[in-house]
Amino acid sequence: MNFFLETLFGGLLAGTMYSLVAIGFVLIYKASGVFNFAQGAMLLFAALTCVSLQEAGLPFAAAVAASVVVMGLLALAIERAVLRPLVARSQITLFMATLGLSFIIEGLAQGLMGAEVRALDLGIDDVPVFVGDVMLSQFDLFAAATAAVLVLVLALLFNKTRVGVSLRAVADDTRAALSIGINLNRIWQIVWAVAGVVGLVAGLLWGARQGVQFSLSLVVLKALPVLIIGGFTSIGGAIVGGLIVGAAENLAEVYVGPLVGGGITSWFAYFLALAFLYVRPAGLFGERAIERV
Amino acid sequence: MSVPMPSGQILDVRDISLSFKGVKAISGLSFSVQRGEICALIGPNGAGKSSLLNVLNGVYRPDAGEVIFEDIHYRRITPLEAARRGIGRTFQNNALFKRMSVIDNILSGLSRHARAGFFAQALGLPPARREAREHRELAERTLAFLELQAHRDTPVGNLAYGLQKRVELGRALIAGPSLLLLDEPMAGMNADEKREMSRFVTEVNRGLGTTVVLIEHDIGVVMSLSSHVVVLDYGRKVGDGTPAEVRANPEVIAAYLGTVQ
Amino acid sequence: MTTFLRRVAVAAALAAAFCGHADAAPSEQFFPLATYRVGAYASSGIPVWAGMIDYLRYINEVEGGINGVKLVWQECETEWTAEKGIECYERFKKGLNGAPVAIYHPNGAPAAYALSDKAAADRIPLITLGYGRTEATDGAVFPHNFPVMLTFYSEASAVINYIAQREGGFAKLKGKKIATVYHDSAYGRETQGPLKLLAEKYGFENIQIPVADPGNEQSSQWRQVRQAKPDWVFLRTWGVSTPVAIKTAARFGFPADHIIGDIWASSNEDVLPAGDAGKGYLALTPYPGGADFDIHKRIKTHILDKGRSDLKDPKSFGSVYYNSGLVNAAIAVEAIRAGQKKFGNRPLTGDEGRWGLEHLNLDDARLKEIGFLGLMQRLQLSCSDHEGGGSVRVQQWDGKSWKLITDWVSSDRKTLRPLIDAKSAAYAREKGLVPRNCARES
Amino acid sequence: MSNLSHQLPAPFEHAPLALVPRAIPWGAAALLIVAFAGVPWLAGDYWLNAILIPFLVLSLAGLGLNLLTGYAGQTSVGSAGFMAVGAFATYAFLLRVPVLPLPVALLAGGAVAAAVGFVFGIPSNRIKGFYLMATTLAAQFFLEWVFTKFPWFYNHASSGTIAAPRLALFGHDISGPVGRYLLTLSVVTLLTWVARNLVGSRLGRNWMAIRDMDTAAAVIGIDVDHHKRLAFAVSSFYLGIAGALWAFAYLGTASASSFDINRSFQILFIIIIGGMGSVAGNFIGAAFISLLPIFLSQAGQALLGGNVDPGQIQNLQKIIFGALIITFLVKEPEGLVRLLAGLRERLAVWPLRF
């Protein structure tokens, strides 16, 4: 029973790491209707920028601040070069454009900052913590707390600021938002920048865990089932989806894995997502559009 | 429950109710359509006319009530089954296949009549070729009837709105439906185009004996084209009868004058 | 559009130029370098090419080539993929400006598999150190594949031998638990067969725990490890899954000094990202890290200090992957030297290169001579044995660098050879091949 | 059928008939003659092994995906998974039923892939768009896992790889570069012809109708669910055969990782660049995608020599590639095939316009 609880809690905590990546997706999808495959590349780019600056001698806080600026500039460039020319095109077209974008960002990241593995130390002791008999990871707790703070900050940003209100207007009804004079391009720039910063946070946490290197961009594949379960349009959904995927994946690997030879985490989350989809075709929290004909 | 339909009727709508997320779109609507007539549905925007058509051919699923079409009773039917039973349909905002040519759009209307199997088509075997040739002839005739030959190979997305309406009519027509549902077939047309479209509808109705249910805002067109008018307002029926009867109905006048100037 | 067409025209012209070079009498030996400097595995590749190029440069500039035959090399980027690997091979196989190819390093498992048949048809030997088909040890069935020094089977045996050494003899293995945490791929699974056999032989409990690719989240695996409480963990991950494994192990309280990394989990790049969690981590390797070997002193004086090194980051000098580049290059150079004894001091063809490899014999004296003693094990190849070595050294990470803690630990290749013979025979049947008769080869 | 025309009103009967006569595709015929008769004599090993064979196989894979995505409108990023099914199934047939001739084994492998594709296409009745794409990702990862997990699929080889058994056709050994090229070319020609038949027939029309608007397709009597599943099956058949050719005619030895997600993306790029909803576009896209990197690396090698880090050339190539994809999406969403058609139209009126 203890083992079960430990697996469950460990999985839930691990799931928040997925949620962190998924949140960036949700922001962009809500504001610009783009399924941003390049989120993984942005994560890599952000973390690599931060580590490179740190290596160049900047203190950690300054490096983070500078990375935030860089991600803002990247967002500006993306909005200009990709989103604006493709406005009003189909979602699939936009998705494919982000595939191209991910190539560019990955090429840039490795070209400018090298392909070596960089260690990243956030100064968190990664030693086990015991709650009763149940072992938890301090690092995971920290990551979960970070995710919570991030969600709180985002909630404040979207509910209390003018930018946030216009963003929600855009997400609700783009045409109506345009008609009341909201500058769509500006909103996109801001949202992509915020998503870049979310990517930075996720990139630093993932980077601390596995080293900052190319494979950081692969975490995007882990975030997809999370999005599907949670729905593309809900930050709450991204959190819940991450928790579900994390817990289910861990439980499945431990309890189902041995029956089929293990190593099932690569696809289990996707099948779980499929099962959810079959019941709710637009995710747990997503809303299914009524087809108007 | 299933009271038999009087002969001469092709469609009987009984107590249909439909709502979206708790908002009533149609409530307790009943009316019937005689075989061979042109029945017009009129009413202000949001009265539930399009929703009703969507219920009839299964795009929407009503909460209550029953539809009787020919000899089948249903509340919920799939659009596919409705098409197979002979209900043809055009849409308010044109539901054409925009990247396909005019002739391909018309041809697609025949697909439920096709018999050639997968391998016959894949390998270009004689049965498939013969069928394709026959279908093409029929499509060419439809094009000619609707005077669309000049646009045969144009992608419909590039056509003027009025022409698109005609293509959509052709696509529904070529399948030989016994009931044709036309959702604002003359929307956005000028007087000449409306006259032409009216002519097509009349010819289809008389030549083929196809029963037509259409939604139209232009009262003039409705009065000259149809033999039966049903008036809806806020999802309820407020009038039902010949054009003359409906024109004299005070409730109809109130509903109409209240919204349309 | 027109610029695009122009570009295509230039490309066609270039490609034509490549295909139709004039044949001159060869005076140089061509070393094709199929590299991977970008993509997911670039971080491990970059130091390898530096090691290879530095060694080739050292041979050319200090020793005047191999018995006077100068070496030329050219790079071709494969991104560790099979397609680009094939493209590079096809580009290179005819040689460079007349300089022939004697030996080819596919550098990457996908390319190695894809080139196996093609190289056999072109009669060019492939060296796959630490990857490739284990059953290619049987040179009778695989004349052109050379999984030299260490196959995954030998590696499995060597790790058990090392554990026995630590535990105080093979008798002590009985009842011990040895868990293998492996990357769930063909590479990761390859030790399952030999470990099963050895577990039966020595009576230890063989626990296998797979990590799905890419392996950046492993809490469920290490929770299983924690539950099973093994005495030792044999870590057969690769790429990003290694540092994640080391970190996650620490998170679950499993001691790093009881984890033994395999050949692909034994580099600086594998432990550096793990930070403090990697302190004490053990790893076995056929090419240990360290810059104190004799060859390093020579290369430092003649190449590095003259600014002629291919290394961009001098910190990597003596890193495990840099040293693997040295060892890979040295095997090829020595094989060509062996071939020259029979064919004369001239550039060799693929066939001659293969003969040289099958008659390669590096004993301690020769290793000392070329400066590789301690860095490279004794190696003797033959027609029936394309592996030759089978030993590893165990190194321990102290947080900054690797410290060698053992001499060469050999493997029990005799016990495992029947497994290999069965697989190579199955392959021969499948392909309808008639094995060579090694007794009649000279 | 004829009973339908009896119901037509008078104007229908008198309508003039204008059927377009079928033109003989001289261009295609000439291309085929060159490909079958000329290329084997002219091209060396490098062109056959490293460029033409993979180009043809990728074109075929692109064609398979294009049927599903470009024609039926269902985006898939699991193409490589279905290729793997075709490769491993063909291998199993060749290995375990040695009497089967190669073409039959290929067909059977394709059929198995089609069946698997059909199964993964079942959710398409409820799941749409990006959500459906996730289904195909599930297929990708699951199939990759299956073909590493169960040693039966690769005959218990220690390396997890499958190697081409002796390639022979009617007793002729075709394992040389020319033999493998001709095998690939024949298969691709045949399947391209079939694909042209399909997309020009009612089936292709129905797929396009579903792509353009699936609700309307159902309303006019097209069985949308059935056609979507059929598209998955047919597409997977093509991909399966492409996978078998990739493994045996091109690579020689393959494993599950030869069919990873990057291959799926590569095939998706082929159809984006070449042109969705076009048969010829797949060939153009595949040519582009297989030649561009080779051109860039050769050009880099030739122009810059050893002065530039080859890794940087590769990074640059990645950036160029990504930029090209975006440029295509912005400037020519219908792909290179449209661009070339435009060029041809302009050339046709050349003396007048230029």
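The letters A, B, C and D name the chains in turn, as written, and every chain counts its residues from 1.
As a convention for this text, a residue touches a chain if its C-beta (ideal position, glycine included) is under 8 Å from a C-beta of that chain, and two chains touch if they have at least 3 such contacts.
No experiment lies behind these values; they were computed from the predicted model shown.
> What chains, if any, are shared contacts of chain A and chain C?
Touching chain A as well as chain C, we find D.
> Of the other chains, whose C-alpha centre is the longest way from the centre of chain C?
B
> Going by CA means, which chain is nearest the middle of everything shown?
D
> Looking only at C-beta pairs in contact, point me to the busier pair out of A-D and C-D.
Answer by contact count: C-D.
> Centroid from C-alpha atoms only, then distance chain A to chain D, rounded to Å. What do you get?
32
> Once you find the CA centre of chain C and the CA centre of chain D, what distance in Å lies between them?
Each chain's C-alpha centroid was found; their separation is 36 Å.
> Need the CA-centroid distance for the pair chain B / chain D, whole Å please.
From the centre of chain B to the centre of chain D is 40 Å.
> Could you please state the distance in Å, as a whole number, between where the Cα atoms of chain A are centred and where those of chain B are centred?
47
> For chain D, give me the residues that contact two or more of the other chains.
If we look for residues of chain D contacting two or more partner chains, we find 145, 149, 215-216, 311, 315, 318.
> Chain A: which residues touch two or more other chains?
In chain A, the residues touching two or more other chains are 110, 115, 261, 263-264, 266, 291, 293.
> Mind pulling the residue numbers of chain B that touch at least two other chains?
Each of 59, 91, 95 in chain B touches at least two other chains.
> Considering the complex alone, what residue numbers of chain D touch chain C?
44-47, 49-51, 54, 95, 145, 148-149, 154-161, 163-166, 175-176, 250-258, 291, 293-295, 297-299, 301-302, 306, 309-311, 313-315, 318, 339, 343
> Touching chain D in the complex: which residues of chain C?
For chain C paired with chain D, touching residues are 1, 7-8, 10-11, 14-15, 17-19, 35, 37-39, 42, 46, 74-77, 79, 82-84, 86-87, 89-91, 93-94, 109-110, 113-118, 121, 132-135, 152-153, 184-187, 189-190, 193, 212, 423, 426-427, 430-432.
> Under the stated contact criterion, what part of chain C meets chain A in this complex?
37-40, 42-43, 46, 184, 208-214, 216-217, 219-221, 223-224, 226-227, 239-240, 243-244, 247, 250-253, 269, 272-275, 277, 313
> Mind listing the chain A positions that touch chain C in their complex?
For this pair, the touching residues of chain A are 3, 6-7, 10-11, 14, 17, 110, 115-121, 126-128, 135, 137, 139-140, 206, 209-215, 218-219, 222, 249-250, 253-254, 257, 261-266.
> Along chain D, where are the residues that touch chain B in the complex?
Residues 1-2, 4-5, 7-13, 15-19, 194, 197-198, 201-203, 205-206, 208-209, 211-213, 215-224, 230, 277.
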